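Letters A, B, C, D, E, F, G, H, I, J, K and L mark the chains in the order given here, with residues in each chain numbered from 1 onward.
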Amino acid sequence: MSDHVYSVTKLVGSSQKSVEDAIENAIETASKTLKHLDWFEVKETRGYIKDGKVAYYQVSLEIGFRYEKD
Amino acid sequence: MSDHVYSVTKLVGSSQKSVEDAIENAIETASKTLKHLDWFEVKETRGYIKDGKVAYYQVSLEIGFRYEKD
Amino acid sequence: MSDHVYSVTKLVGSSQKSVEDAIENAIETASKTLKHLDWFEVKETRGYIKDGKVAYYQVSLEIGFRYEKD
Amino acid sequence: MSDHVYSVTKLVGSSQKSVEDAIENAIETASKTLKHLDWFEVKETRGYIKDGKVAYYQVSLEIGFRYEKD
Amino acid sequence: MSDHVYSVTKLVGSSQKSVEDAIENAIETASKTLKHLDWFEVKETRGYIKDGKVAYYQVSLEIGFRYEKD
Amino acid sequence: MSDHVYSVTKLVGSSQKSVEDAIENAIETASKTLKHLDWFEVKETRGYIKDGKVAYYQVSLEIGFRYEKD
Amino acid sequence: MSDHVYSVTKLVGSSQKSVEDAIENAIETASKTLKHLDWFEVKETRGYIKDGKVAYYQVSLEIGFRYEKD
Amino acid sequence: MSDHVYSVTKLVGSSQKSVEDAIENAIETASKTLKHLDWFEVKETRGYIKDGKVAYYQVSLEIGFRYEKD
Amino acid sequence: MSDHVYSVTKLVGSSQKSVEDAIENAIETASKTLKHLDWFEVKETRGYIKDGKVAYYQVSLEIGFRYEKD
Amino acid sequence: MSDHVYSVTKLVGSSQKSVEDAIENAIETASKTLKHLDWFEVKETRGYIKDGKVAYYQVSLEIGFRYEKD
Amino acid sequence: MSDHVYSVTKLVGSSQKSVEDAIENAIETASKTLKHLDWFEVKETRGYIKDGKVAYYQVSLEIGFRYEKD
Amino acid sequence: MSDHVYSVTKLVGSSQKSVEDAIENAIETASKTLKHLDWFEVKETRGYIKDGKVAYYQVSLEIGFRYEKD
């Protein structure tokens, strides 16, 4: 494990429901093109407002994934 | 859209249920006196504890709203 | 109230369900050994990923508790 | 207490005497127009210099106050 | 000068031309409703993109203005 | 709009003329290989000096672009 | 001196009088249970307001103390 | 693994040789009284100077360790 | 030189030996797939602990590389 | 006033009495060798502890002074 | 190049015209007394307001210059 | 000791070998022109890359030294 190199990419996920759902959407999308996703870290939590309510949450994440060997 | 000016105000919302509910409470309260609420950004997430459980969440937000023309 | 001294400790709670559940787990664990827990503040929200989904959330908290008077 | 919403405003108070006096001046001025002031947090401490001495302190504060109900 | 209290408000100005023009737009708008504007500090510089070019700049400012005495 | 996922990439643009020109250069270059560029945020503004003048500005940006669906 | 290990603990002291008095209260309380207190660093300065005046200051400190050998 | 709670403590290790040696000293000392040490994060790297050379390095770390179940 | 655009990517390198070795591992891995690597900046230094010793260092880097022209 | 250039230097002042006295000591010392001192900003407030009391405060300041014209 | 030592000084330049002009003024002034100026980094962008317009910009810079060998 | 005033200067040292060696180079250079160097704090660790390897490390330090009396 100690000789792995990880790459970190930044994504922004959205959801009308919750912070956790926005995180899941970002990770699910990332997992379609990137393999070996390993961890994430929430960097910012924002959102848009419509008619006095949250229209949707926008959560930006750093996502770490393992570099493939060869 | 490029010529709008926005004002940003800081509010703290509370909830016994969840982070999202505290956000909704702050926005709902703000929308009673401010028009054209447009976005928010979570700045701090805190809370108070009672009997070994979360008594309530306190989420501080910056909320952006459009300056009225005229 | 103005003459109290508080101690602040840092904990990391985990949960497969939600950010709030990870917070509750950390506070419940802390309350078994520390008395007079008073407030918390979320410092980082991270998590681990498995098979394109969140495996579990990891939330680090600062928790404040009152120093006992002898 | 858990259903309150707070507004946070930023003020800068000045004093020739001390940091605490600059804080008191800002709060006293705010209390003339805002009700239900509840807490403050010091954000920056600056000052101006004249003839090799502090001419006056300038302390910027975030001040939280409760939104009125009704 | 040492006994003044200042209030600090946060605005976001926009411009298709430049960072400086976005700052001027925010200040000109603020000066219509607030008196005694004294200083500003740039907090974030962002913008939106269209067809591979900057559509407009968005600059968020803290603007300080003197509390009226009366 | 609420179900979009955005990717955020970091670029550094340069210009001998101005901060805005360095931003435009970075965005123009990015737009050759990335589609759906949506927003940017300035993270650092630096530059190099030659003969007591600015030789060129270097502006680092985070640029957000929409993940394609398909 | 170069082979010492220090532990850093975080405390919040309160005082109705001044920032310095709140610091002294935190250190005096810590010194009853911890030996070899060596240095402190102020992390946040806050307070509570009552009737348009500071009710009390709350200063959070990191306090360093030497690990005992044996 | 997802239901563990971790505690985070802050230590400062010293060494005349290197940053890594100062980290090792802090961890070795911590491991004498704390069990289940799991990870560390460097927060500050400082040092003292004597006769134009580094007298010793001082590295402050946050160290995470697992709460015992029982 | 003033008209170059750089891209910045974030990597995490690991090593059982030292901080420098973890940096070298990240850069060596990046250089297999990216050309024109130019500079790096250390963002975080962490590590894992086993049996009271550092098991391995984990250093996260931002690495800048030149966009190819053509 | 708009064409002045200021230089900013960093000093650390000490005092057994108070934060303000440590600031005054730093400024008084600086004024012996630097002319046109204009403003200061507190960057860190620390101190040393002896016998369960503050031995002395150490306040680090950025001090701005005008570049002489000639 | 790898054995150079650089010194970093902080300056504040002003201009009624633009951010870039304030940077140029600071660098031009610094170049009268310091040799081998090499790079700069913008740390804060502020300004003063008069009659609802920007009176002048104030940009604080860190400027790096090479230590002479001799 | 409590009445000393310290000055803090920022330097950048370089080395092809290690972070520690870059720190030593900066301090050794500073000690040729400044007396009473007392402590340092690492602010940034960067470097340049050549042929997929670290060409040299660049470590920026704040160095504190005692103001001479008289």
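One rule holds for everything that comes next: contacts are C-beta pairs under 8 Å (C-beta built on N, C-alpha and C of every residue); 3 or more make two chains touch, one makes a residue touch a chain.
Note that this is a predicted model, so its numbers are computed, not measured.
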Could you pull out the chain whose C-alpha mean position is farthest off from that of chain K? C
Just the number, please: Cα centre separation of chain A and chain B in whole Å. 23
Hey, how far is the Cα centre of chain D from the one of chain K, in Å? 32
Residues of chain E touching at least two other chains: 9, 18-19, 30, 48
Chains touch in the following pairs A-B, A-C, A-F, A-I, B-C, B-D, B-E, C-G, C-H, D-E, D-G, D-J, E-F, E-K, F-I, F-K, G-H, G-J, H-I, H-L, I-L, J-K, J-L, K-L
Interface with chain D, chain G side, in the complex: residues 18-19, 44-49, 51-54, 57
Report the residues of chain K in contact with chain J in the complex, numbered from low to high. 9-16, 25-26, 29-30, 48, 55-56, 60
Within their complex, chain A touches chain I through residues 1-9, 62, 64, 67
For the chain I and chain L complex, residues of the former touching the latter: 18-20, 23-24, 27-28, 31-32, 37-42, 63
